[in-house]
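To start, the structure itself, in C-alpha cells.
By letter and in written order, the chains are A, B and C; residue numbering begins at 1 in each of them.
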Amino acid sequence: MTWLRDHFGEVLSLTVQHIYLAGVPLILGLLIALPLGWLARRYRGLYPVLIIGTGLLYTIPSLALFIMLPVLLGTHVLDRTNVLIAMTIYTVALLVRTVADGLGAVPDAVNQSATAMGYKRGRRFVSVELPLAVPVISAGLRVAAVSNVSIVSVAALIGVQQLGSLFTDGFSRAFVEPILVGVVACVLLALLFDGVILGVTFLATPWLRAGKASG
Amino acid sequence: MINNIFAWLTDGAHWQGYDGIPRRLLEHLAYSFTALLIAALIAIPLGLYIGHTGRGRFLVVNAVGAARAIPSLGLLFLAFFWLGPRLSGDIAFLAPAGLVLVVLAIPPILSGAYAGVEGVDPDARDAAKGMGMRGSQVLRHVEFPCALPLIMSGVRSGMLQVIATATIAAVLGLGGLGRFLIDGLATQDFSQTASGAILVAVLALVVDLALALVQRSVVSRGLTGRYRPVETFNPDAGATPSAPALQQNA
Amino acid sequence: MKRTRIALAVTAAATLFGVAACGSGSGDPLATGGSASKASSGSIVVGSANFPESALLAEIYAGALSAKGVKVDKKLNIGSRETYIPALKDGSIDLIPEYTGVLDQYFNKNAKATTADAVYAELKAAVPATMTVLNKSAAEDKDAVVVTQQTAAKFGLKSIADLGPQAKNLTLGGPPEWKTRPTGVPGLKKVYNLDFKTFRPLDAGGPLSVQALKNGQVDAVNLFTTDPSIADNGFVILDDPKSLFAAQNVVPLITKSKVTPTISATLDAISAKLDTATLGQLVKEVVVDKKDAAVVAKEFLAKNGLG
C-alpha cells in the first residue's frame, strides 16, 4: 500500500472533512428531531403526518438534494453548507420516528409516578422520559451515523472535498488504490462513529448497568 | 422554480423516446427489482438458517453492520474496475451497478430474516415439535410464516434503499431515473434534476405501497390479528355454525 | 455523579467534532497555502473541471502562483463547465484553466472563428464583463470523435463527415453535457448533418468512455486529443475538416478583479512554456503512471524555472 503511505496526510485531512460533514448533521439532526418527536407523541394526530413527511424526505436521492439546495437556498455553488443542510435533513428524517418511538416506549407508570412526585412537564421530559428513551434513540442514531458517512461521499460528484473525492479522482484516472483506501476509510469511520455513540450511550445509562451489577 | 419543474414534468417530449420518463422508470424498476430479488434469494435463506440454528450469528451480525457502512459510490467504482474489463457488452456496466445494489439490499433483509425467526413465539415452536415436526418442517411450516412480518419489513426497507440508490447507476452511464439527476447536473438544468428526484420519491412510495399490499396478503392473519370472531362454536346450540369461526376483518 | 459522567461523555464526543470542525475550517485540506516568507500579494481560489488534465493545469497554476507569494486555495474536480462557470460568477472560485474554442462557443452562441488567433480574439470579446482571459498557450487539447480501428476499417472512416450515411445505425457516446452543447450532439447535427441512433451519456473522456468504446456499447465516442488511451488502444481520431471543434488552446479564465501584475505575469509565463507535446506527456504521467497531479505540476514548474 505505498500509495497510502505517500498520501497519508491527504487521506487524514479528507477524513477530518468527512467527520465534520457527517458528524455535525448528526448533532443538529438530533437536536431538531427531539422536539419533533416529542410533538409527535404529544399530539396523536401529528404522528402519522410527521412519520410520512419525514419518510418522504428520506426517499429524495442525496445527489438531487446536493444539487438542488444551492438553487433553493441561494447559497454558493461550492459551499459546504449545502451538504450540511442536506445531511441534517436526512438525519432528522431518520430520527423523528426513532425519538417518537423511544419516548413512547417509556412505561406510562413511570410517567405517572413522576407527575405524582411533582415533576412538571418540562422537567419530566428532561429528567425522566428522555433518559429512558436513550437506548432506542441511540440505536436510531447509530443507523443515522452509518448512513450519513456513506451518503456524504456522494457529495464528491459536486466537487465537495471529503473521502468521496478519493473515489472520483481514482475513477477519472482508472487508479484503484485511492478508491480502495477511501472505501476502507469510510467503513472504519462509520465503525468509529458507531463506537462513540455506543460509548456515550453506555455512560449515559448507568441504571442499565447497575441492574446487572447488583444481580 | 416550481413552475419550471411542473413544466418539465408535463412536457410531452419528455414522456417519449429513448430518454423519456416511461423508459427511464422501467429501467429503474428493472435494476431495483432484479437487485432486490437476488438479495432476497441470498439473504432470506441465510437469515432463516442463522435464526433457526443460531450458528454464525455473531459473525453475520457484525458483517452486516460493516456492510451497511460501505459507501455505494466507492463500491460502484471498485466493481467497475474489477468487473468491467472482464465482461463485454452492456453487462460490463450493469454488473457493477447490480453488485452495489445487491450488497445494499442484503443487510436489511438478512436482519429481518434472522430477527424474525428468533422472535417466533417459543410456544408455537414447542407446539410444532409436540405435533411431531422435524427441524426443517418446523422451519418451513411454523418459523418462516411467523417470521414473515419482519422479513417483509426488511424487504420493504431494502427496496426503499435500493430505489433511492439505483440513481447512482447513472454515474456509470446506465439508464434509470438517475439519468435525469446526472444529466441535469451536467447541463445545470435544475428542472430536470428536481423532476428526477420527484419521480424517484413517487416511485419509492408506490412500490412501498405495493409491497405493503403483498405483505398484507402473504402474512398470516393470525399474526396480524386481523380477524374478528363471527360466531363461536356453541355446543348447546345444537347446530354447527353456519359461517366460519374466523372471518377476515373487512 | 451521573451528571458529570454524561458531561464527560458528551465532552469527549464534542472534542472529536471540535477537532474536525477546526481542522476543516480552511475549506480545502488540499490547499497548498502561500509561501509565508514572501509578502502576500493577494489571494486566489483556483478551480478545475472534473477530468485529470484540468486538475493538472490547475495544479500548475496553483504551484506557480504560490511560488510567487500569492495565497492559493484549490477547489478541484468541481464538475462540467456548466457547473463551474456559475461558481466563477458567484466568487466561489476565481481562476480556472480553460480551452479557447469551447469557451468561446459557451459564451457566444454565434461563434464562427476556427483558427487559434481568430478564436482567441472572438473569445476575448465574448467573455462576460466580470471575467477575462489571459494569454493563450500553444498547447492544445481538442475534443475528438474517436472510433475503434475495426469500425474505421468497416465503414471506411477517415473524417467525421464519413459517418454521414452510417450515423443512423450508430451509437455515439460522450459526456452528459454533450447532449445540449454546441460542440456536442447539436453541433454534429448542424455542421455535419449527423443523426445518430442514440446518444449514450458517459463521462468526460474518462475510463467509462474508453471502456464503452472497447466493449462496443458505443460506436463512436468523445475523447480528448491528449488522452493516452487513444494510442494505447489503437483508436482512430476522425478528422474534423469543418472545424466543429475549433482551435482549443489552453487559456486561464479569471475574474477581472483578481488580476494583479504578479498573477498575470506568472500565468502568461506558464502559457508560454506549455505546448501540446509537453501537455500530452504530463497528462500521461498523471493518468497512466498514476503520479499525483500536484507532483507532476511541481516537476514541470521546476524544470521550467517557474516554481
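Keep in mind that, in the parts below, a contact is a pair of C-beta atoms (placed from the backbone, for glycine too) under 8 Å apart; a residue touches a chain by one contact, two chains touch by 3 or more.
This structure is a prediction, so every number in the text was calculated from the model and none was measured.
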Query raised in the report: Looking at which chains touch, is this a line, ring, star, complete or other?
Result: complete
Requested in this report: With chain centres defined as mean CA positions, report which chain is farthest from chain B.
Outcome: C
Report task. Return the chain label for which the distance between chain Cα mean and whole-protein Cα mean is smallest. Result -> A
Query raised in the report: Taking each chain's centre as the mean position of its Cα atoms, how many Å separate chain B from chain C?
Result: 41
Report task. Can you check how far apart chain A and chain C are, centre to centre, with Cα atoms defining each centre and the answer in Å? Result -> 35
Requested in this report: State, to the nearest whole Å, the distance from the C-alpha centre of chain A to the C-alpha centre of chain B.
Outcome: 23
Report task. Can you tell me which residues of chain C touch two or more of the remaining chains? Result -> 79, 83, 86, 203, 207
Report task. Note the residues in chain A that touch 2 or more other chains, in rising order. Result -> 156-158, 171, 174
Report summary line: Two or more other chains are touched by the chain B residues 80-81, 182, 185
Query raised in the report: Once bound in the complex, which stretches of chain A touch chain C?
Result: 7, 10, 13-14, 16-17, 19-21, 23-24, 27, 76-80, 156-159, 161, 165, 168-169, 171-175, 177, 196, 199-200, 203-204, 206
Query raised in the report: For chain C, which residues are in contact with chain A within the complex?
Result: 2, 5-6, 8-10, 12-13, 16-17, 19-21, 23-24, 27-30, 50-52, 55, 75-79, 83-84, 86-87, 90-93, 203-204, 206-207, 286-287, 290, 292
Report summary line: The answer for chain C against chain B in the complex is residues 79-80, 82-83, 86, 173, 175-177, 179-180, 198, 200-203, 207-208, 211-212, 215-217
Report task. Spell out the residues on chain B that touch chain C in their complex, using ranges where they run on. Result -> 18, 80-81, 84-85, 87-90, 92-93, 170, 172-173, 179, 182-183, 185-189
Requested in this report: Please give the residue numbers of chain A that touch chain B in the complex, ascending.
Outcome: 56, 58-65, 67-68, 71-72, 146-147, 149-150, 153-154, 156-158, 163-164, 166-167, 170-171, 174, 176, 179-180, 182-183, 186-187, 190-191, 194
